[in-house]
Amino acid sequence: MLDISDLVTAYGKIDALKGVSLQVETGKITCLLGPNGAGKTTLMMTIAGLLHPRRGSIRLAGTELVGLSPARIVAHGIALVPENRLVFPQMSVRENLLAGAYQRNDKVSIDADLKRMYALFPRLNERTEQLAGTLSGGEQQMLAVARALMSRPRVLLMDEPSLGLAPLVVTEIFNIVRDLNRDGTTIFLVEQNAHMALQVAHRFLLMEQGRITFRGMPGQLAEDEVIQRAYLGTRRAAG
Amino acid sequence: MDDYLIGVLSNIGVISFVALSAYLLLLTGEISFGQQAFFAIGAYAAGIATALWGWSLAAALVWGAAVSGGAALLVGVPTLRLHGLYFAIATLAFAEMVRILFELFRYQISIDGELIGPNGTDGFRNIRYIFDHNIDAFQFLLLIYSLLAAAMLGLLLLERSRLGVIFRMIGQDETLAELQGIPVARRKVLAAGIAGTLAGIGGGLYAHLTTYVEPRIFDIMLGVHSLAYGLIGGLGTAFGPLLGVLIDIGLLESIRALAGYRMIIFGGLVALLLIVRPRGLLDEMVVHKIGRGWRRVSLWARRSSLKPRGNSA
Amino acid sequence: MIDLVQNTLDGVMIGSSYGLLALGFTLIFGVMRRLDLAYGPSIMIGGYFGTVLYLYYGAGPLAVASAVVLGAVIAGIYVERLCFAPMKAGAAIASMVSSFAIWMQLEQAAILVLPRHTYPFPPLATVAPLEFGPFLVRVDHLIMLVCALALAAAVHLALYHTRFGLALRAIIGSPVAAHLVGINVRTAVLLTFAGASAVGGAAGFLVLAVDQQVTPMFGMWATLKGLIAMMIGGLGSVPGAVVGGLLLGIVEVNSQWYFGPQIRDLVAYVVLFAFLVVRPRGLLGRAPEPAMPPKA
């Protein structure tokens, strides 16, 4: 579904992504793990169009996404749940969700999707008119996911959904991720919490210092080695 | 040197002080639209010292610098918690308050039958010190530039010193600086104080140069101009704001034919320049490259002068 | 006591146009996180369009108002294209200084084209003031108040009941997230500038018509009033802009009545400074942290 090839994104003179290639298979959950600063968020931002790569290609079902504006990329079917949630704080839960459907104008099915989100995320249903800025971390995360889903994306990108959340809430979130995937959504997930991520992933990749250093399936690497490399990087894991 | 040129150069010299004042604050990451307030305070204080109290010029300039520096420290404290735009607008409000206060300020004494001193909106005339003491325009020009050179030297030394690095660190990321153990609040107040003092020296010089000051001069225009000079000339070095002043006053003053269109041209040029160079002409990258180039040249010069008689290492 | 009430009445009416000015300012700040110092001067350009129409073609108030709005919008788009659109994310001060440079440019351009110190503006009403017991209400002031309230209501409607308004509020809330939900932020910002300039133009027309004149100093005046009202009411807050404007108007008229014009200006700045030191978010604004532009 998503085919990324030799992607290079730089900040000034520093290459954050040094030639990343990977594939996200349709209907599967692909998980990207790696230590802080490896470039995971940079990759997500590049796919979403917020950053422009120096080189490389990102194809969604054959269509080239590099060079398109973020709005066009959303139109093609990508939705990113960003790191730090980034809900619209002064807008209600309902308005946040409607904003997620910004590019759609089929009012009837938007309303249907709204109801679907409330069913999927009961905690949001209890707070439809509450200002998003006053929600708890976990509720904001759910809102961010629901908002992304309102655009009916072909690929859902998630950047560190467990960040800053209590363990119980994290489990809830990952259950939702699994459920969404069962309903057919392709998911590309970036995580620091390797343990939880490996429980849901069909395939996983390891990114260190802007490069993919491992691709495979959960179980191919011993979980503690994965965790070591995800948090610390290969050098220290080997040493 | 003809009088007109002396006049223009004197102007450039004096305005440079306010430009450097705004620049110093910019280094710590704060925008100030209000340095003209300290320029005004320095001008009035120094003028009162010579014209009303009979002090010497040197003492008056020190007095002016001290009063404006003190005022800057006083204002620096309540505005500490403010950042970015909020701080900028606070400086603007403060400067306007000062200007209006000078419009209401009357302090006149009778000297030789004449009323001398600040008279509200009418301003403060007869700051005649340099005429009374037979200092000609050229000598005063030299005084301005010696003081400016001293200030520049101070700033350049500061930039290389630990304090200078600390200021730039605060400008980049205050939280990070705090985490490094830097007493950010105290350093920022210090920067504000130094900046105020600089503007105050300029103000004292200005008052004696023109012999007449009025509140109208110290308006927002002057404040934003001072900020703009640093931004045009470049924020990488203390020479940046000087370059900005030179470009504005020097270049455009001399193209008399375009006088009526000066702001139209200058305004447009500044806007275009800032698109490609948001940190000015001599921004940090350029200064760094000049530094590198200079080091290469001096290394080459040293190597060639060290060449021994033989070919051995 | 009567004076106080009369002044407060007058203050509310004058303050309504301050509120409109603040409204435009706050919309621009909300979506850009940057201050447009050329806002007032853009409105002044609109004012000059209006006076030309009035002076040379004898147009009536409605036509003049449209000219003012049109001129303000054209100038506003010019400023946006030159000072804000091309700037990279971190160049907040560069944008502000750039807008200041264009302020000077617009002011001088206006003086070149129309060199006199003041130009006439058609009045809003020529009937005698209305009397309500001991209080006098000028009809043109009343028209100004009604128009300002209607405009503010229109802006509120647009913000909360249109798709574009949703996009605007999204950008104000989080520019990054706005991109991520598929909003075309660049276009939205441009349209916001145009809209804010139009609102400013309307406010400008009302003030100029009450004053019956336009001068080149109007630009700075409008910027300052809008700025002070916006900060008092709360940066980025639409109801705050209106409240701030009304409060400023009341404070100003009373200060002028009891202490004269200089104290009037002084009090406005003191109030602003006091708010900034004690409660920077203003009356109705959000806490400063998330809404700030990046430093230097």
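Note that the chains take the letters A, B and C in the order they are written out, and that residue 1 is the start of every chain.
Following the convention adopted for this analysis, a residue touches a chain if its C-beta (ideal position, glycine included) is under 8 Å from a C-beta of that chain, and two chains touch if they have at least 3 such contacts.
Just so we're clear, the structure is a prediction, and the values are computed from it rather than from any experiment.
Novice: Using the definition of touching given at the top, classify the network of chains in this structure as line, ring, star, complete or other.
Specialist: line
Novice: What chain sits nearest the middle when you go by CA atom centres?
Specialist: The chain sitting closest to the overall C-alpha centre is C.
Novice: When B-C is set beside A-C, which has more C-beta pairs in contact?
Specialist: Output for the comparison: B-C.
Novice: What's the distance between the Cα centroids of subunit A and subunit B, rounded to whole Å?
Specialist: For subunit A versus subunit B, the centre distance works out to 50 Å.
Novice: Please report how many Å separate the Cα centroid of subunit B from that of subunit C, as a whole number.
Specialist: 32
Novice: On a C-alpha centroid basis, what's the spacing between subunit A and subunit C, in Å?
Specialist: From the centre of subunit A to the centre of subunit C is 41 Å.
Novice: Give the residues of subunit C that touch two or more other chains, as numbers and ranges in rising order.
Specialist: Residue numbers touching two or more other chains: none in subunit C.
Novice: Flag every residue of subunit C that touches subunit B in the complex, lowest number first.
Specialist: Going by the criterion above, the answer is residues 35, 37, 82-83, 86-88, 90-98, 100-109, 112, 220, 227-228, 231, 235, 262, 265-266, 269-270, 272-273, 276-277, 280, 288, 292-296.
Novice: Show which residues of subunit B lie in contact with subunit C when the two form their complex.
Specialist: Listed in rising order, the residues are 26-27, 29-31, 78-79, 81-86, 88-90, 93-94, 96-97, 100-101, 103-104, 171, 174, 220-221, 224, 227-228, 231, 235, 260-264, 266-268, 270-272, 274-275, 278-279.
Novice: Mind listing the subunit A positions that touch subunit C in their complex?
Specialist: Listed in rising order, the residues of subunit A that touch subunit C are 48-50, 69-71, 74-75, 79-80, 82, 86-91, 95, 98-100, 102-103, 147-148, 151.
Novice: Quick check: in the complex, which residue numbers of subunit C touch subunit A?
Specialist: 163, 166-167, 169-170, 172-174, 176-186, 286, 290
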